[in-house]
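Look for chain A in each of the two complexes below; its partner is chain B in the first and chain C in the second.
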Partner chain A sequence: MSSLYLVFKNLTRSKLRLFLTLFATFIAFMVYGTLTAFQMALNAGVELSADDRLIVVNKIHFTQSLPISHFNKVKSVEGVDAVTHLNWFGGYYQDPQKLFTMMAVDPESFLDVYDDYVLTPAEAEAWLKNRQGLIAGESVARTFGWKVGDRIPINSNIFSQRDGSTVWDFDVVAIYRGKDEQSDSNSVYFHYKYFNETQSFGGNFIGWMGVRTTSPDKNEQVVNAIDDLFANTPAETDTMPEVAFNKAFIEQIGNIGLILTSVVVAAFFIILVIVGNSMVLSIRERTNEIGVMKTLGFTSPAIFRMVLAESVAIAMIGGLLGLLAARGLIHLISNAPIQLPPLIMDGTSVFKAILIMLALGLITGIVPAVNALRLNIVTALSRS
Partner chain B sequence: MGSLLSQIWTVIVMNIRSLPKRLWMSLAAVFAVSVVVAVLLSFLAMANGFEQTLAGTGSEKIGIISRKGSRSELNSTVSRDNINILATAPGIARDADNNPVYSAELYVIVNGIKRTTQTEVNLPLRGISLGGFELRDTVEIVAGRQFEPGRNELIVGQGVLAEFDGFELGREVRFGKTTWKVVGVFSTGGSAFESELWADALTVQTQFQRGTTFQTMRVLLEEPGNIEGIKQLAEDDPRMNLDVETEAAYFAEQGSALRGIVVFGWGLSIVMALGALAGALNTMYTSVASRGTEIATLRAIGFSNMSAFFGTLAESIVLSIIGGIVGALVSYLFLDGVTASTLGASFSQVVFDFQMSPQLFKNGIILALIIGLVGGVFPAWRAARLPVTLAFKNSM
Partner chain C sequence: MSDEILFELKNVAKKFVKGTESIAVFDNLNMSIKKGDFLAIMGPSGSGKTTLLNLLGGVDKPTAGEINFDGKRVDTLSEGQLAAWRANNIGFIFQFYNLMPMLNANRNVELPLLLTRLGKQQRKKNVAAALELVNLSDRARHMPSEMSGGQQQRVAIARALVSDPKLLLCDEPTGDLDRETADEILGILQLLNSKFGKTIVMVTHDPQAAKYAKRTLHLDKGQFVEKDLAA
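What follows is the complex of A and B.
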């Protein structure tokens, strides 16, 4: 008890220094918390991929289309539980700079294969019935201020209608939430039939297909069956697990993970040096006092522990406050009208942060603690 | 006045020369500032390199015609009919036989393998006619030969060879059911075209089942930058729904795609600079505390408190500027010229180099200077107000 009091007294001895070291730690953990959330959001597409889902794309490249007849053929492949098809629309609302993911789908089979979208049965029903209806994710709806019942014009940067216009009118019939906190809610889905009947390129092509297999064990068999089915046809396919597709896609952007990790490491290095140095200094200033304490009968290990407790306390207090601030920041960013994947801070990242705090506290405290441990009473008292 | 300046100068020199006594604290401050500056400059150099690559790609002498609102070549379509009409537009330069110089092009995406990660990436395959080479005067075949029209032959940009596997000279490449042969390597002087594969436009049209449509039309302008004649023609014809702009304007817009990175880099660096500022303040307060007796003694023998103030401030600024220079040098040595690639506006890989510039360097030093100024001014204020009596106190 009394040694805890001493630790507290030592900590608050120089309030200014305490504040500065806490602040540096605070900043580093705020950076950590926020960037980790970004990193997790980037990986969410991979993490949340269902392991019983496959993607079927054109073998040349996934931007090349497939004939719709492929869809009917895949339906009857053994091991396929459900299949749906999607077309990228290149949609934008008012500002061509603000593209969002917009896809023409077959609603019934889409909701069957992709069960990550939370809609009430009434909402699903409303969508199925309204050919000009679209469903929008919470995030994209918030960005553009869409409400259920709105009639909105959306442009395509790829397609045009038969009359040359690039604008389509839609009814917002539902705003969906993701099943998981991290599920994407930046996308918009609408009827393939509406798309196919109105666009001028000539119809009956699809972008790619989503397949749900009866069980993940069947994946390999289904992959081979589908690709064999279309081998030597004008549109050969490449079938792969959803997770592989999403992972490859994220990696195309570049090694963002490496960039974010480097920044976090850099931030930690800064505080390691700043806090470590000021710990060394503050213990050196107390040389005399430590001599006195040893004279009074405090054992060297007790003093060693007290110094470490001091440095760990700084790391923990500064770190936890930083995480709290990161949480606030994440909340602010998530509710801003900009399109970002959902940012969250989960238990694992908090746990990791606490481990890092402990490690930082121990590393910054170890040199002065060893110095204090070794300190000889005579030298301590004679050094003034 | 002159004596005040010389006093200040004396104290500054004294402080700087006594820095080694406070070596570790001073190094901590230098280090913190250098890390912040290095982080900032890395982000800025990345965005700058990307922007410069795309800016260097577009030419004022070339006009580019695409579907209205498509914003990238990939999304655009232009019909053969439209191209035939536009070829007659005023303002297009003509060759020796008095034919307009233009190129109808296709832009499709195929798979490549990124060398560093061994993962599949999007690479652009441009279908180009021989007119397209007349337009682009910077193109040079550096190895192998030109493709022959009508054959499944490819020439690849130098950037593709550097960053991606599978397109070495002489190699056969399969796109779906069709097989292509790499017959040449081209250079365009470091522009984004070097991230592309080129083949004969009509061959691409058949092999990728594009019917008679193209994606963009490029024209050589009679007068650089002047697209008015073509624009007029496109607007007056109700059958056409097309955008006309100079290639320079088109690529400049694509180059701004990494602007977000600049904002992110600045935001992050400023937050981290606050952490470094805490370090600088800590260092400087410690420095003032350890020089307390010295400062008071100087005051006692007639030095003004201004000299204590500026002496401390100068020490802080010197430390942070050293930090800034170290940070800038580190990012220059490790990152300048490093090649990277990312997904560009046309949904395909753009190869670019990190590029440092004097302007970016200046930004880094300014950030360091601000940390030094703010981190020095409060401790300096304390130094200026230290009581003279401190000089006569015996420190135990």
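What follows is the complex of A and C.
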């Protein structure tokens, strides 16, 4: 027998109370783990933004198009290393409810500017050669069961072809992976030329441009040069670093980070009250036993540590089980046939969670531990 | 009984403050306990028997005076030092046994040994010996809730004995037991005193219990009246 055995026996003396306290902690950390994964996924665009990439959009609003002539002019701006253009397609496969990110791009310059997509040279070659070819992220391909070689019809909820049809036929030429675990693998890219030649809205416009500068130090200079170039034209531009664009895009949805943080803080606050109250009651019920232990020669600091160990053990056991459940939940959600950004629980999140568990255990245990520390033997024994 | 003095109280005073009122339990109390003594302390309720036991056990401190144990002053020790002193020298037996309800008899007896440097095997041997001494080896794995009052008190005696203390302090050890069981418990205490030389101080209301002691001190209004039962 050791002090740890005493901690274990004290913890398990009331099975129902232990179960309920662990369950409350379990739920809080499951919520924390899952919401943190969502928050990370939402922030991934910002986190993974390249320092040397800029976005050029229409100054009126980023949903307004730009003439393709802008693309050719930006190429010649000093400090620009590479430039590409993208056009939102509004694609869906079979079910109009299951929209996904699909963009018409110039493949050559696209792969040059965006090196986040992992394709073999053969896959890249195959895409460049096939005007009806598309590359799909592994997540979206898994969702719809696409494989290389498939010919698939995709609808647009924005554009139509000159014959009135909203369906375009494509060849799946490659399934790409993200360079990073959190990189987007939910998108589909296809040839702008195929799109531009077949759509009925009038051609030669683009959605926005992606620019890679020769160095992040040149960003400010390039931003000013591009916006000055198109000042006082019918399509003025607003150029900004990719990170700023992605951040502004996320903020359009609302302050998701604040909402998620509020939910997590509320969950932890409730746990703090439940576990704290449970610990105070548990120690109060053991006043006499603590008095007896002190009488036998256990020191007050030793008893203080045992009480703290109990509350930390509850927080750690419930918390780790909660994180494990969150991991399972994330796996389930990630494999569900719905379009979501990659959800992952990384080492930093787990480390933060463990720190929160420790803090929670210490906070909930500190009041009963101090009470036990201060408990006078005569008073304790007289309560029996 | 040896002539060596184990415990000595010199001019001990103990006062409790309740609001603005100060209540003196003892004032200028003197007593000594020799090694190998079996002392019963009797007296009416509120006479200070338990307070005296608390002072002897180092769980309470006197307001004035000094307490010496084996020639060393103990009333000036810090709380931590007193805890270590209690663990090494004193065995406590309570009226309501005060066993840990979540531990079986074995573990309850082993509890004081967690404060020693003994290894697991040695602790196991000591626990088995203590339980055998109180004739409870067959109940070693029973929980307190599975034992009678008498059996629980025997476990409590084994717990008090297991670290081989010099002094056993018993607070109404038979107060919660029937006559027959009380006699069994008192017989064990008497055996511990006569055969193993343990010094015992027992607070009791029961004159029958006091007969097992070598001498009885009557406490009244903070002073002792000694009656030698052996005489």
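By definition in this document, the second predicted complex is superposed on the first by the 383 of 384 C-alpha atoms of A that agree within 3 Å, B and C clash if a C-alpha of one lies under 4 Å from a C-alpha of the other, contacts with A are read in each partner's own complex, and residues count from 1 in each chain.
Here is the rule we go by: a contact is a pair of C-beta atoms (placed from the backbone, for glycine too) under 8 Å apart; a residue touches a chain by one contact, two chains touch by 3 or more.
Note that this is a predicted model, so its numbers are computed, not measured.
Peer 1: Mind working out whether A:377 is in touch with chain B, chain C, both or neither, as first, second, both or neither?
Peer 2: second
Peer 1: Check whether chain B or chain C contacts more residues of chain A in the superposed model.
Peer 2: Of chain B and chain C, B contacts more residues of chain A.
Peer 1: Name the contact category of A:295: first (chain B only), second (chain C only), both, or neither.
Peer 2: After superposition on chain A, A:295 lies in contact with chain C alone.
Peer 1: Applying the touch criterion given at the start, work out whether A:9 contacts chain B, chain C, both or neither, answering first, second, both or neither.
Peer 2: Touch partner of A:9: chain C, not chain B.
Peer 1: Applying the touch criterion given at the start, work out whether A:17 contacts chain B, chain C, both or neither, answering first, second, both or neither.
Peer 2: first
Peer 1: Considering only touches as defined above, state whether A:113 meets chain B (first), chain C (second), both or neither.
Peer 2: In the superposition, A:113 touches no partner, neither chain B nor chain C.
Peer 1: Should A:314 be classified as contacting the first partner (chain B), the second (chain C), both, or neither?
Peer 2: Neither chain B nor chain C is touched by A:314.
Peer 1: Once the two structures are superposed, pull the chain A residues common to the chain B and chain C interfaces.
Peer 2: Chain A residues touching both partners: 384.
Peer 1: Applying the document's contact rule, which stretches of chain B touch chain A when the two form their complex?
Peer 2: By the definition above, chain B touches chain A via 24-25, 27-28, 31-32, 35-36, 38-39, 67-72, 74-75, 77, 108-111, 114, 116-117, 119-122, 175-177, 208-209, 241, 268, 271-272, 274-276, 278-279, 281-282, 285-286, 340-343, 347, 349, 395-396.
Peer 1: Contact residues on chain A for chain C in the complex?
Peer 2: 1-3, 5-6, 9-10, 12-13, 288-289, 292-301, 377-378, 381, 384
Peer 1: In their shared complex, at which residues does chain A touch chain B?
Peer 2: 16-17, 20-21, 23-24, 27-28, 30-31, 58-61, 63-64, 90, 96, 155, 157-158, 160, 164, 166, 201, 232, 234-236, 247-248, 251-255, 263, 266-267, 269-271, 273-274, 276-278, 280-281, 384
Peer 1: Considering only the defined contacts, which chain C positions touch chain A in the complex?
Peer 2: 54, 57, 59-60, 79-80, 83-84, 86-88, 92, 94, 96, 98, 100-103, 107, 110-112, 114-115, 123, 159
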